[in-house]
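Per-chain residue numbering starts at 1, and chain names A, B, C, D and E are given in the order in which the chains are listed.
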Amino acid sequence: MTISLFIEQTLNGLQFGVMLFLIAAGFTLVFGIMNLVNLAHGSFYMIGAYLFATILQRVGAFWVSVLLAVILTGFIGALLERVALKPFYRRPYLDQVLATLGLILFFNELTRIIWGPQPLNVTLPGALNSSIPVIAGISYPVIRLVILAVGVLVALLLYLIIAKTRTGMLVRAGASNRTFIGALGINVNFVFSCAFSVGAALAGLAGALAAPILAVEAGMGESVLIFALIVVVIGGIGSFRGAFAAAILVGLIDTFGRLLLPPLFGDISVYLLMAAILSWRPQGLFPANG
Amino acid sequence: MLSVENLESGYGSSRVLFGISLSIQSGEVVTMLGRNGMGKTTTVHTLLGIVQPTAGHISFHGQPIAGLQPYRICRLGIGLVPEGRQITPNLTVEENLVATARGPGPWVLSEVYRLFPRLKERRRFMGAQLSGGEQQMLAISRALLTNPRLLILDEATEGLAPLIREEIWRCIWELKKRGQSILIIDKNIDALTQIADRHYIIEKGRVIWQGSSAQLQAHPELSQRHLGV
Amino acid sequence: MTDLLQVDNLTKRFGGLLASNALNLRVAKGETHALIGPNGAGKSTLMNQLSGEIAPTEGKIRFKAQDITGLPVYARTALGIARSYQMTTIFNGFSALENVMLAVQAHQGHSFHFWSNARKESSLRSPAADLLARVGLQSRANVLASNLAHGEQRQLEIAMALASEPELLLLDEPLAGMGIEDSAQIIQLLETLKQHHTILLIEHDMNAIFSLADRVSVLVYGTVIATGTVDEIRANAEVQKAYLGAKQEEKGFQHA
Amino acid sequence: DDTIKIGFIASLSGSQATLGRDLLDGFQLGVDSLGGKLGGVPAEVLARDDQGKPDVGAQAAQKLVERDRVPIVTGINLSNVLLAAVPKVLDADRIYLSINAGPSELAGKGCSPHFFNVAHQNDTVPEAMGLHLNQIGVKNLYIMAPNFAAGKDMVAGLKRTYKGQVAAEIYTQFGQLDYSAELAKLRSVKPDALFVFYPGGMGVNFFKQLAQAGLKGEIPVYTVFSTDQDTLPGIGDAALGIESTAYWSEQLDNPLNKKFVADFEKTYKRIPSPRAAMGYDGARLIDAALKQNGGKFVSADSFAKALRTVDFKSIRGDFKFNTNNFPIQDHYLLKVEKDAQGRLVNTVVKTITTAYADAYAGQCKMAHAKP
Amino acid sequence: MQMPFFKPLSRFAAIPRIPPQVLVAAIALMLALFPVLAHIIDTPFYVTLLTRIMIFGIVAVSLGFILGFAGLVCFGQAAFAGVGAYVVLIMSDHALNGVPLMTWPFTIQSTTSAFITWPAAMLVSALVALVIGLIALRTRGVYFIMLTLAFAQMIYFFFINLDAYGGEDGMRLAERSSTSGLLNLNDHVVFYYVTFVILALVYIFLRRAVNSRFGMVLRGSRQNERRMAALGYSSFRYKLTAFVIAGAIAGLAGALMINHGKFISPAFMHWVRSSDIIAMVVIGGTGNLMGPVLGAAAILGLEDVLSGYTEHWHLVYGPLLLLGVLFARRGLYGLLTGRGADND
């Protein structure tokens, strides 16, 4: 492997990694903290992408479209939590899995009805749609660099909020003591709803950023969902540090696996990674919350 | 400051409270006594809105609070040390304290650390890593840090070593002197009769006796019959 | 007196914290040995190491002269150690009798039977019924465990522990959360168990300790600072300072 | 019964959904253009979604023949789905008429008198591309395709005619989304040209990422089935200038075709793809064959005979069935350009082959098989 | 915090309750007579559909066994079935082409006989389950779910990359397994009854098993694993045994499946298919063995009906799934019998 191929692949791996982190972070918020396995989390990713593509067509301005898509997805998340998911907080995982599986089917079909089966075309404005030289001889797509930057930024911001603020503590305290945290003066429902819609918004952000790279199509959420799940589990449920480390690890392993390993092992490298890590540490890399 | 009239509630289809009435004046220390499973904890939970009342009135400082969400009731000034401690296992000791702290008031972090130096030693530990007794200290401190007008202690000395238990009684004594209103549920009747102003004996979801410490001591047959002492 | 249980130089480190600190303990066959000490002294941690739920950092545990330090929980049970938990742990979905039947079955060790109905086997039912009778639960045999009162659940737990015919019973705060009446009942039960089993008992209820224990060990900061008879311990100045308080507890606050 | 039921299976969801939709819309337009009738009899099209999965398609086929008792099944876009589903139809003694997927397995030894393909045999289209690459002198070609039946056919076809060197032959997962790893590898190899086969959603992803990586200008790209109107709007300008081979184009100049394209645009507000065109042709072929049999499906044998012998005018121009029931037809070189209204279309650059037959017909031993 | 609005449907008194024994007998009787009925009203297709439902019922029961009684939420049950199907397919393929299964270190000729290939399918699936169980059973809860999912995906990709047997495209079974002339498996009705008998045997075996000593240990470890260890049980061995049994049964269902549909592709082993099986178990009712069969019937039936109406049937099916989980807490079985878990 040449140095330049190595560097380009590393960038690809990192970019895929932060993308996974954006999705996994929201999933961790909802799953690790509120104890809700929301498989429909991938649907927010899809919704974010569709909204972004639709808005971009009207507005034309990239960042405005991203922002609007993120806010709207967060809003849809809040709505969904209220309407459909509230009763499932206290249900066993299995019920949550099935109910949200049902939601996936619903959202996929709904987007298909609204936007049709044709993938949406997202053409980026101006410089974003090009590639720039990163080091001698390699030019790299600007949009992928943007994803990398946004992902790292969001990760930092999240870390600060979760680790250092009182809101962060409440979020971490989460479901473990819902009733009594409430009796101590915290509006737990509100905190949860907010956390849920922030999680949805993060997935929406991932979707909006992915839209220019990937086909915006119904069902796009499921393929990333599994990887996001793997990230959450490898990292240790409820751990943001873990999710970030695992996301980067998974991103790199998958990218390099496909380049270097024979096809079968390239396909299953991430699953092997998870099996290996869990048989070594059954609670994931960073089991403690935080 | 707190008045409860004919409170009824229960879990699902099973009725537990059948018309509890009690009141607490400012600065008073009041207890609820009774054998296991008579509805003391259920009364507390109903006061705080954790369990919904099915009938009756509750007012706190003249404001009706029945049916409000627990967090709203708490914010009106009720601090709970719940039965079974209920501390947050995945937050550190200090985070447990800070997360729900509310001012202004006399209780700040340094003050509870003065009260329980052990917690200060353990302040970077996760809640789950504390011993049973340490968790109990944490639960008390956490309630104090909400600077409540009414403090409710539900079996707050359970599982504590004698020395610490003594410390807690001393602390409650101190709070009482400062004018703190307190509702206590505990098994140590001897200690309670010395510290509390008035007592309610609960049996099968009803108040079957109320009176002062002196009255309680004057009628040992009461304790024998209703408390199993 | 032969030592049934020997704990030597047991050390358990949680990060920087020494929950057990070069701890030595001897429990003699047939005695009821109480373990007291301040909160966080490491009593439950010791119990968990004895039962095998957590592994010590250093040190040795011997039972009937056999080194059991590395054995898993179920293997220790087979050797004759049984425990009850500080928090009640029973099978909520089973009746009281089924709870004990499962315990009896474990002791019999024939569990790879796939065909005959276990609930109808008299070789499980009758020993289980006997055990329930021993703890005074015979009339509650068919009640779902989750519907038993708190005190009854503790009794059930003890019945399950007895099913393995253990030589050593580890009891962690069996009176926790129990009313005065229920406590009296459990104490009475323990009085009878005493006669057939060696018991290691953790309690903060001094009345119970003083009426039940043959010997008492005091644990402070992960170390046994004193072992002796009830009277010796009560008189021990160090113990008073570390644990009991200058006077008997209930009167403590008066001078405040 | 006074209606004729047509079983129609296609990918109506998943990454290949645009292909399925175009096939169905084209077919439906064909039926509608005949007044809702086929062979003069009111027609009912029973559309089923195979979700792009062979087992789902097979299941659907079984239901159509066993429960709905349709005499004719058509539609399937994916070769692997077709291979799983066709036996269900043929075992029940019904007719399968393919309007898209044309796997080699069914063209050679596995051919059947009751199986027809009005669209293409998979290999032929890339074979035409191979000829073109030879003509323009490509020496070192990088090949990419998804790892499934049609992908393998496409590569086999290409390599049958292409004479230069193969720099690499990469098979990716079917339905893969991100090609960044493969593109990095491609960049490091620096071939003369790139050939890809990425239908549907895969194509959208691939070409967008190719352009973003700045590789499109550097390496000339050739393709089949991947820059048609069922993917083109999704890819957008990243497809401009890409050349492909095909046997039909929306720009093909003949009166029948012009009418079809205009009708389709009017009905569905978009430009038809070859899938839509073949759906349309398929409906008209069934119509013609049924008419010849007096509007009745009597038996699979008699209907098959009608399909083979009926005089049928395809919108693509010259067309006839070979001995293996696959087409003999012309192939063109197409190029993605913008039309007068600024829309992306496939303009016809030139004709590459005429009356071209697939390579497998010789292996097909059927009773009727004399040219 | 209370949620009186979402009262479980099974609490509504108005729904008539059927005693479990009656329900089981009724279902058995209905299944036994169905082909006759179908013949009379001339709808042979439903024999095929019901065969399919029963095959999925077997897979669902095998999952219901470990899920409901041992608390093991396995996201790979479809993969076990898939492995069984591939075993039969590969053996038959070799037999029909006269290619030995292996030539080194000794030669093994293959066969199409059901008496060899079906047990082989069970055996291989059981072995796969054993390997997966050895690793996955060291974890609990969501980690267990994810590990089984990961292994299922590995199996899925293994077959995708198995180009010799169709790879991604899957492969057809040329002809159904032979039975030394005993039965004509090509006959829809014969095949139906073979499936029915196997379902019945599996049900009876598991039914005995869950009430046996072994079953009590499983139920115990589902409720309280810590306590089980303290009683002296090594839960791991029992759970592993149950997991392997479930794998073997799923493998047998796979053997039936390939004979029924004569086609298998890796897509069948994708995790989404396993989630369908889980849906069958949960919708049918966990903690008993008839529930999964009811669930298989309900879900495949619903799919059959809805997909006949509109291609957008997921729009209805998705929310129905959610509502089903929300309201029928103890599943169809609970709804019909008024019984929940552990009353089997």
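Note that a residue touches a chain if its C-beta (ideal position, glycine included) is under 8 Å from a C-beta of that chain, and two chains touch if they have at least 3 such contacts.
A quick note: this is a predicted structure, and the numbers were derived from the prediction, not measured.
*Asks:* Quick one: how many steps at least from subunit A to subunit C, stepping chain to touching chain?
*Replies:* The fewest steps needed to get from subunit A to subunit C is 2.
*Asks:* Where the centre means the average of the CA atoms, what chain is farthest from subunit B?
*Replies:* Between subunit B and every other chain, the largest centroid distance is to D.
*Asks:* Just curious, how far off is subunit E from subunit A if you go by their C-alpha centres, in Å?
*Replies:* Whole-Å distance between the two chain centres: 32.
*Asks:* Using mean CA coordinates as chain centres, what's the subunit A-subunit B distance in Å?
*Replies:* Centre-to-centre distance between subunit A and subunit B: 43 Å.
*Asks:* Using mean CA coordinates as chain centres, what's the subunit C-subunit D distance in Å?
*Replies:* Taking the mean C-alpha position of each chain, the two centres sit 75 Å apart.
*Asks:* Provide the C-alpha centroid distance between subunit B and subunit C, rounded to the nearest whole angstrom.
*Replies:* 30
*Asks:* Quick check: what residues of subunit B touch more than one other chain, meaning two or more?
*Replies:* 50, 70, in rising order.
*Asks:* Counting only residues that touch at least 2 other chains, which ones in subunit E make the list?
*Replies:* Within subunit E, residues 1, 160, 314 contact more than one other chain.
*Asks:* Spell out, as numbers or ranges, the residues of subunit C touching 2 or more other chains.
*Replies:* Residue numbers touching two or more other chains: none in subunit C.
*Asks:* Applying the document's contact rule, which stretches of subunit B touch subunit A when the two form their complex?
*Replies:* Result: residues 48-50, 69-71, 73-75, 79-80, 82, 86-91, 95, 98-100, 102, 126, 142-143, 146 of subunit B touch subunit A.
*Asks:* Touching subunit E in the complex: which residues of subunit D?
*Replies:* Counting only subunit D, the residues touching subunit E are 12-13, 47-49, 53-56, 58-59, 62-63, 66-67, 79-80, 83-84, 87, 147-149, 173-174.
*Asks:* Once bound in the complex, which stretches of subunit A touch subunit B?
*Replies:* Residue positions touching the partner: 166, 169-170, 172-174, 176-177, 179-189, 238, 288-290.
*Asks:* Show which residues of subunit B lie in contact with subunit C when the two form their complex.
*Replies:* Touch list, subunit B to subunit C: 35-37, 118, 122, 125, 129-134, 136-137, 155, 158-166, 169-170, 172-174, 187-188, 190-191, 194-195, 227-229.
*Asks:* Which of the residues in subunit A end up touching subunit E in this complex?
*Replies:* Contact set of subunit A toward subunit E: 31, 37, 84, 87-88, 91, 93-95, 97-110, 112-113, 179, 182, 222, 226, 229-230, 233, 237, 263-264, 267-268, 271-272, 274-275, 278-279, 282-284.
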